[in-house]
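Take a look at the structures listed below.
The same subunit A turns up in both complexes below, where it pairs with subunit B and then with subunit C.
So, the complex of A and B:
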């Protein structure tokens, strides 16, 4: 089923009023030109749908904003999207349809690495410029020169992802000597663990446990016990949402008395649902994130965006905090829109050249792309949950609950350790 | 491989607790697929429906999930009876119950999933009961109540169903339906009504299993698909029509998973579990306790 963006009646009225008030703003309804169609496959059902829907809402807000400003090149903007069901197998067909049948002008990716990798052959064959949402080192093998990725992993994404976690661990006194690595059998955890292995080696850490588990694992206590038996100083986990929750609960049940720091690339802990459901169990966990409401991260426009996002998210039952993916999804289309306006073109080659050469101002901060379309400067945050009490979601909107430990530019607090003490 | 008695005993204990939950998931499949010959591929989707109903009841009415499970099971039993009646009318009666029936249940699975997405959204949901946060330690063995309570509830449900099937006239009629549909008519039982009741029980068990699932792990609308393979494997391994067989198979699968996970790495768990299934079927094609 094809979906297109529905602009609310209120937004249409606001747009019409603006049109009457400022006759210089082009009225694309009268121009007779077809809309600029931006196509994507995105997870609206299945395991990745929580973030997929959140991203889509942010993009719809951008489309509404852009249309209120007169669209792109004087043409209305329309999002064309299909539910990839969180299943990478559906993705090649979706992009073939978007490009060959729907004849969209531009394509962007859905969420996340597995989906991006599945779309790449089709997108590359058609030579489309491809802005992607949260792909971990997805272009490392393809080396596609029209690929631009929105997760701030930096040019060496595989190594960069776990770098902040390990560098934070090395600030402990005494320094850790051993590490346990554990993650799911899937694309993202495999890449995250490979990077962590290299980083651990470079820092002289001995890997005492290195195992993966199948995606449908229910019982994590066995994994945690086997890991605990190897007596690691620090534990790095790369997991998807249900596993992240399972792992945190198993850790609480088994207990990690001798571990100094626990956490990792645990997807799902960024979502409001798991934050509120796990509540105080999160205390002490050091997790990767992309945005936290700390005083060090007040980018122009982001707070206004979050207010609007939350209002709509409440109605749609989408992630009510919107910290993780929404600002970057909005920024992704800001970049694409700025490139179209600047080049006055929808030509993929011209757009790619412009995006490569330009530093963009967005609600997620300044963004410049570097090698392989990754951010020129990495900005993966490592936050530690501190002082979480009960399960009230409102507490996560305040500063001080997700203290930023890394990078130094955005640092807002200090690491509490060992893990057992930080958990209180 | 790090071996210690601590790891071994805890792996076996975890496996038993996991097995108890697997038994709750598979008991409905054993009844529908094993006894009634209905490939209810939507069974895990109804299980997820049960999980969301429990989530709704505790968050809106404050009703304990174990208590709400009883109420939901009663409603599901009645619904299951009507559901089977519709299935019988449109498919089984006309002899279209193989491929069309399978397609029908696939369709039902998607309808349930999409309905849950529309009503509850796509976020992961979890029930964290404060009284299940305790982990008991008996010597070196840890027993987290979060896993132990669903295990006990699952086993209790299976034992109650087995008791009903073996001790009541209708229950015995259900077992007879599994063996010879025509012969059931000769002893004065209505096979369609009997199957209706059996399907109602299977549906009720799916709802209860869902309530147990959301206590154990976080749940989203499509997570039921993860259990299709496992539940059918347990049914086949147990012997298709045998509930004690289902319990035994669920325990073996649970223990095999946790032992493999502890000593050889969790990635090997599915391979070992399904390897056991293949080996059993190679030497005993009727399953562990099948006739």
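So, the complex of A and C:
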């Protein structure tokens, strides 16, 4: 039996086109295997939503990138997420559903400490690897050996957090003698102030003002006036976003003429919203940060990521700069992805062992985990706002506006002081 | 005429018995189901049921004062947090079993309820409500500055291992909360069907007239504030084991205060089953929306539901049901 076929040139072209198209489909498209599902609860509404949405967008970009490369283990990557409404009470149920009902392959945490801790019993019971986003000493009590945390606090967050600020202050000439400590009555400020107290004592600084203010305080001028009356050389503030803005405004209103250095662990200043609101008022403030667009922090891939992030962030109305949480959220999934590919497995025990033993290359730099799943080497940045003009958000994308003072590895400029001179 | 009078007098009204055997049997049946199926079903469903039952206790407690007596309590989160922090304080002192911590939380929150009632005797309407709101603020300030229970840093409470015969600690928490819900509902029924409930209803309708008619207003209000506080505190006692880390914003959550009012309003405040129905309906809806729509829209839907009920059906599902029955009759 003989088959003869006459094939037209058009049919050949069509066939070739179909062939190219088919070959361009990632392998998972043809394998018919179920996707690798990564589950999380994340704040998409409520007080933490601004950071939650920013993190989620970064993770979605990673999933897109990974799928373009063929997914994980030849399977498409799918993110399964639920809005925890910034309410930790919703978290145990969400993680139980992700693991038991949705049968996700891997779980990661949402933002931030309270949400992570609320998920821990369920995650630990199921013995899942748990990469977490911005948990402040969240594993200290649990001591879970499959826990890995992305905020670069290092093994001793309390002591480490204010260390850079005070060491930078001690570079001033003459050295400061006195310090004022002020912060909110809440979890993070309490930890940051406790560490600052210990570090100040170790450096021989005299604490002349040590006060906290109640949560939801809206008027800070009285706090700043009381602090000013004690005539401190340096001022360390530990605050949450609304307080950080209030404190900067109050300082500008009252004036701190004799203070040499002002700033601290002021959460919120990292976000585009507060940068834009405060604008030139930020000049001279020394604040903690996790990423700044300085020449010393050009990790491979980060700039390309930020360009893509910003394009999408504009459409979604998410933090348009993406410096604070986004690179680390992307890096979190890079670590998980690299571990899956290296172990060729979704087995939680194997993944945990691999993550413990490996130094990862990510867009947020090299990351190696140490005790209790914290970064082996802390990398809290201390930046000083310099040369900020007006409230245009675009200026913060340029180098030189957030000069890195600490740590030395990433140092990109020098401290301007006293505070009144640096404010100009 | 005198011979005819007995036949003319209205027949004695048959009041339902204060103790409800059907509720007890239903509660025990639910416990039996939880004991049987608890190890086989996903933990997610156990946690979901726990949250709903927690709201059953909270809304039933709120309704004793807010529904029966008409005194709107905005301080639910404060009483709930007192329960949470009683457990945390006891946990720091000694390894106290959960049922004992719940009883202690009931006593502490009940005493605070009694104190609140005593201090706010002269306040009525919106002034009483503002006083309860202020109480929550005062309690939060105390907790924020009490370092023994974690203060502003919060406190970790490790969830213990499973206790025999329960397959997991979550199953144990669920059974405990079911029993608590059953006790709260039985108490609400007993109040509603006794002279206490009638006295509270009289106070709600017109306090001056009630007292002029011999209703012991002071004693009844104190009883209502005590029971209301005690049940809310007891609902909060197991919460630290549910969430494992409690800080003041979690314990004094606005969501708890809002839900405790919204649930009885949606269900209906006139009867014991109104708050139960409201808690089940709203609690279930919130939990389902969290994992279905899963965005800010779910809060919007709950808000719209509230506005609709408050404006269109102010007597809640109970009122709608009664109106429907009335039309059929």
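Quick note on the criterion: the second predicted complex is superposed on the first by the 396 of 424 C-alpha atoms of A that agree within 3 Å, B and C clash if a C-alpha of one lies under 4 Å from a C-alpha of the other, contacts with A are read in each partner's own complex, and residues count from 1 in each chain.
Note that in this section a residue touches a chain if its C-beta (ideal position, glycine included) is under 8 Å from a C-beta of that chain, and two chains touch if they have at least 3 such contacts.
None of these values were measured; they are calculated from a predicted model.
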Field: Partners on subunit A (subunit B, subunit C) - clash or fit
entry: clash
Query: First (subunit B), second (subunit C), both or neither: which does A:44 touch?
result: both
Touched partner set for A:229, first subunit B, second subunit C, both or neither: first
- prompt: Does the superposition put A:411 against subunit B (first), subunit C (second), both, or neither?
  reply: neither
Message: For A:318, using the defined touch cut-off, is the partner it touches subunit B, subunit C, both, or neither? Pick first, second, both or neither.
response: first
First, second, both or neither for A:397, with subunit B first and subunit C second: neither
Task: Tell me which partner A:249 touches in the superposition: subunit B (first), subunit C (second), both or neither.
output: first
Task: Scan A:214 for contacts with subunit B and subunit C and give back first, second, both or neither.
output: both
Query: Is A:268 contacted by the first partner subunit B, the second partner subunit C, both or neither?
result: first
- prompt: Touch check for A:279: first (subunit B), second (subunit C), both, or neither?
  reply: first
Field: Clash-bearing segment of subunit B relative to subunit C, given 7-15, 97-105 or 169-177
entry: 97-105
Task: Once the two structures are superposed, pull the subunit A residues common to the subunit B and subunit C interfaces.
output: 44-45, 49, 85, 185, 212, 214-215
Statement: Listed in rising order, the residues of subunit A that touch subunit B in the complex are 44-47, 49-50, 52-53, 85-86, 185, 211-219, 221-223, 225-226, 229-230, 241-242, 245-246, 249, 252-254, 268, 271-274, 277-279, 316-319, 391
Query: Given the complex with subunit A, which residues does subunit B contribute to the contact?
result: 2, 4, 6-7, 10-11, 14, 17-18, 21, 113-114, 117, 120-126, 128, 133, 135, 142, 144, 146-147, 216-223, 226-227, 230, 254, 257-258, 261-263, 265-267, 269-270
Field: Contacting residues of subunit A [partner subunit C, same complex]
entry: 44-45, 49, 81-85, 87-94, 96-97, 100-101, 113-114, 117-118, 120-122, 125, 141-142, 184-187, 189-191, 212, 214-215
Query: Can you list the subunit C residues touching subunit A in their complex?
result: 42-44, 46-48, 51, 141, 144-145, 151-154, 156, 158-159, 168, 242-245, 247-250, 253, 255, 287, 290-291, 294-296, 298-299
